[in-house]
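Step one of this worksheet: look at the structure below.
The letters A, B, C and D name the chains in turn, as written, and every chain counts its residues from 1.
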Amino acid sequence: MSQTPFFENLDQIFVLLQHWLVSFLPTSWQPAAGVLLSVAAIVCLFPALFALTTVFERKGLARIQNRLGPNRVGPFGIFQPIADAIKSLTKEDIVPLSADAAVHFLAPLLLVITVFMGFAVLPMGRNMVLVDLDAGLLFYFAMGASSELAVFMAGWSSRNKYSLLGAMRAVAQMISYEVPLLLSSVAVVMITGSLSLTKIVEAQNQYTWGLPHWYIFTPWGFAGFVMYAIATTAETNRSPFDLPEGESELVAGYHTEYSGFKFALFFLGEYVAMFSISGLGTTLFLGGWSAPLSFLTWIPSWIWFFSKLMLSIFVFIWMRGTLPRLRQDQLMNFAWKFVLPMCLVNLLVAALWRFMGDGWLRWVFCSAILIAAYAGMGLGEMRRQRLGPRSYRYAE
Amino acid sequence: MKTVEEIKSAIEAAVPEAAVEIAPNPNPALPHSLRIAPECALAVAKFLRDDAELKLDYLSNVTGVDWPESLEAVYHLYSVEKKHGPVVIRMHTVNRTDQVELPSLTPVWRSAEFQEREIFDLYGIVFTGHPDLRRLLMWEGFKDHPMRRDYVEPDDFEYEPTAHDEVLKRTQTHQAMVTSEPITSSKGSEGGA
Amino acid sequence: MLGEGILKGMAETAKNFFGSYFSAERLTTVEYPEQRIAPYEAARVFPFLVFDGSDWEAGMRCVACQICEKECPPKCIFIEKSKDKKPDALGKQQFYPARFDIDISVCMSCQICVEVCPFEAIKMDTEYELSTDNRFGGLLLDRRQLAKSNQYYHQIHPAEADGVDARLAAEKAKADAKTKITAEAKTAAIAGEGA
Amino acid sequence: MSEMQSHSAILADKPESWNRPAVMEPEGEGELMEVAMGPHHPSTHGVFRMDVALDGERVMRLRPVFGYLHRNHEKIAEGQSYLASMPYTDRLDYICPITNNWAYALAVEKLAGQEVPERAEYLRVILGELTRFQNHASSIGFLTQEMGAMGTPLMYAFREREKILDLFEELTGARMMVNYMRFGGCRVDASPGWLERTRKVVAGLAGFVDEFDRLLSTNEILMARTQGVGVLKAELAVNAGVTGPMLRASGVNYDIRKVDGYGIYNRFNFRVPLGDHGDVYDRYMIRMLEMRESIGILQQALREIPAGPVMSPTAKLRGFRPKRGEAYGRIEAPKGELGFYLISNGGPNPYRYRVRPPSLINLTVLEDMCLGVNVADVVLIFGSVDIVLGEVDR
């Protein structure tokens, strides 16, 4: 590690800043103040990132569709989110007469709070983690799971058929995909031997011939990452798994009856959930804040973390611009009959990987098992449902 | 493809009680049509559809016509299997007021379902035996049948700056009803809108 | 079968994403208030009345025959015929429209008035920025607002206007010849009478 | 209901399953949930309603409700001259105004015994096939939009449609409300430059269909969503008067361009693609294949178009009074059989003017296709019918 002090300081700039600010306070206050500062940073940073992402998403989608996208507010439309924020703040807050007003009010708040809790354990750079819990992964999933409650509260309290259908879909979908999400992460835990996210990143922050030891570059890691990505998309209700909000079917799903700022909160909650879950994916499979090549380690770790985060956001947008959505029963079938078995096979492979020791044999063996399982299950399912390309005849 | 006369004799041979006459079309654009007595229409329709030589399995167009003394339903038949057509059959109601029933041909050709509803809606022909005879385009509870020639438009006044002829007359009667102040020409109503 | 269809689709959208930065073929958007496309010569928006010369009232070709009023599908034209007659471009005594209104909130730009007009008096404009804050009065154009010069017509539909001018000139020549013949006949008759 | 019984007695020897949609029984206990999809539902184009009864998410009953865009087009047309209805036909199926013009012109020409010059027939074919192409492209776009594809295919379709609409505008003066055809020809002639630009656009269309194919045809999600969904049997399709790509997707070889050979379609060499399953995927693929056939027809027509007048010298613009009698003119519009039925009493106005709208009649089988499917598929099946409400409600 040949780092000049300047880059080392740059790497640790936020940590140093926090220490410097806290040092003005009495020693007994220092830990609490430190935490508060970090919380404030997170609570400010991610909504700002959300604002930027909305404009990037709209512009990206527009470019995918050969349009220009928003370009009227500010240079390149960069201030569009500000205009949007003003709009949603000034809009009338409508609560349906028959709605359960208290629950209707609490649902978006609950969603935003639970979503932000996940960031507590995410390492966003070297030494940049709010609480380094030993069971960080467990805490994260516990928090993620409670956001389903908020969605259901929103759908139930609105007293709208579309909201209710949307909420039912959302809960069914999120619970189903929680399982593959967990199981694909378990493989990482098996290899690392720790639930602490900091330890998981440390384990990946090594290099051989200049190449990193990220888990995605192993057969089990790659398969796990794909399964994790699928589960993530479903968990955050993004296309092609955006059924709970499927516009052409359910108008807007569980937030049909929300307007103004409450709607903006839902929007915020969804995007921040997307950031946090991509952050976790980055941590588990893409080496967290570590650099992709050994000679690039001088670039500050937090830059790497956020670059990887934005890259995965871009993939989300790209998929949204390309894919149609699945149907509810197909989505469930896909979760339970394809993703879950694949995750179980992957666990087996991860175990094999660990116990086969070094050597090329384990690469061949593990890859073969995974490819066979993937192709077998995929082809079998396609054949069972009689799906596939067709040929057409012509009349004379 | 048989001529209209041959079809007529074929129908008479197959459905002896049928009363079929040829309604001439003075224009060569479309063959003469067959006027069928409503009582036997269903049997004739079934024959036309199932007869091995005719196979008029596709009912393309169903429409109503408002004649001065009766209402009429016109059916345009084609054959998808034999690729021939059209054969036009028509049915008359007894009058335009109280005896406006005709048998529905929806049991024979499903494509008549919406089109007969439309005729019921716009012309007021009641199709007996139609599985779901409701208004199609106008709303439930609407009175009268707008496509009839004696239909009187309701007095739903709409401001029109260039009102002339009929519209102006209507505007004036409406204004007379609503206010005491009649309008003379179109420009005069500008302030009132 | 196993996701390659999805990947193929993703590749296609990626191609379009990057392509939209380089190829004008892909990015066809025109940013309207700043950029404008010149209207095609055949473009038609709302009708206007053509006048010859510089005085719009004297040069108006319309003779208030009311054919367009009758043929107009949505009935948006309103004409009041004059009581007196005025000489038209050919010098013939003609009626003229005392009032000629077009309600462009009703007009559907079908161009049938132009086709049925025997006097080449009504043509289609290409001006499309016509929004106004007066819903009724602002969209009801009277004959002053409708009158546009023949030069303007040449400017917006050059080829069509040339054809129209040629046709009118031919008609005028024919009419002149006719008047000349009748005049000659008259003088001949007078001469004959005298003899 | 003795009348009903006599009907069933007559039909008793051949029980027909297609007479009415099956009556669905809910599973287990519980009430059905009545959901009104539309008229403000995002998938119903703003002016259409489906009253759906759901058991969970399964459709038990579906009632289409029409009339939100009803303006009694036929009554308007009966009150004015033949020519004055021409611009109104643009507004029936506003995605393809050219074919509406054509069908109406064809019916009136039959009624009046009017000949059409050669060049005008070629122009009609060229514009008609361009219209079919852009209609199929955008209908696939709308279908995938309703499948949740964020409008990307729709935007690609509109990108191509823009080029075609530019051609329409250059020729006719308007992008959509073209009002182009007249009884006995076409209103204006196409310049050589226009034909050259059309050739250039047509040359690019094949690439666009390939792009669509790569983007969608083999997409696993699209296949999973559409294959086996909304199956329409050939017998029911014929009996219910379904026409157009929907009928051919059910495997019935019936294309009015081939059957009637109206205009000059007999001269062109093209094939009629047929589906074997009659599901949404087949309807999608039939539209794709028809787009390719349209390109073929366009290339032939653009190669062979002769010089000459575009209006028949016998055509009358003012004082047009066709002979007494009736006529039925029909064409293969992009959505199905578009027919105009006219009765003339020798006057300047038609005595009876009737539009046979393919969109409305294709919806007859909507309930049959939707029973028992998931509510998400209702939207999809509805999209695959390809309707325009301007034509449904008239």
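The rule is simple: a contact is a pair of C-beta atoms (placed from the backbone, for glycine too) under 8 Å apart; a residue touches a chain by one contact, two chains touch by 3 or more.
Values in this document were obtained by computation on a predicted structure and should not be read as measured data.
Comparing mean CA positions across the assembly, the chain most remote from subunit B is A.
The chain pair with more C-beta contacts between its two chains, of A-C and A-D, is A-D.
Put simply, the chain closest to the centre of the protein, by Cα centroids, is D.
Note on chain placement: the centre of subunit B and the centre of subunit C lie 39 Å apart, centres being C-alpha means. Centroids of subunit A and subunit B (each the mean of its C-alpha atoms) stand 61 Å apart.
Per-chain CA centroids place subunit A at a distance of 44 Å from subunit D.
Among all residues of subunit D, those that touch two or more other chains are 152, 156, 159, 215, 217-223. Across the assembly, subunit B contributes no residue in contact with two or more other chains. Of all residues in subunit A, those that touch two or more other chains are 64-67, 321-323, 382, 388.
Remark: subunit B residues 25-30, 42-43, 46, 50, 57-61, 63, 65-66, 74, 76, 80, 83, 86, 88, 103-104, 106-115, 118, 122, 128-129, 131, 135-139, 146-147 touch subunit D in the complex. Subunit A contributes residues 60, 63-68, 71, 318-319, 321-323, 374-375, 378-379, 382, 388 to its touches with subunit C in the complex. On subunit D, the positions that touch subunit C within their shared complex are 80-81, 83-88, 152, 156, 159, 162-163, 169-174, 177, 179, 187-188, 211, 214-223, 317-318. Listed in rising order, the residues of subunit D touching subunit A in the complex are 33, 35, 41-43, 57, 144-152, 155-156, 159, 215, 217-225, 227-228, 253, 255, 258, 271-277, 281-282, 285-286, 289, 374-377, 379. On the side of subunit C, the complex with subunit D involves touching residues 1-6, 8-9, 11-13, 16, 26, 28, 40, 42-44, 67, 71-73, 108-112, 115-116, 124.
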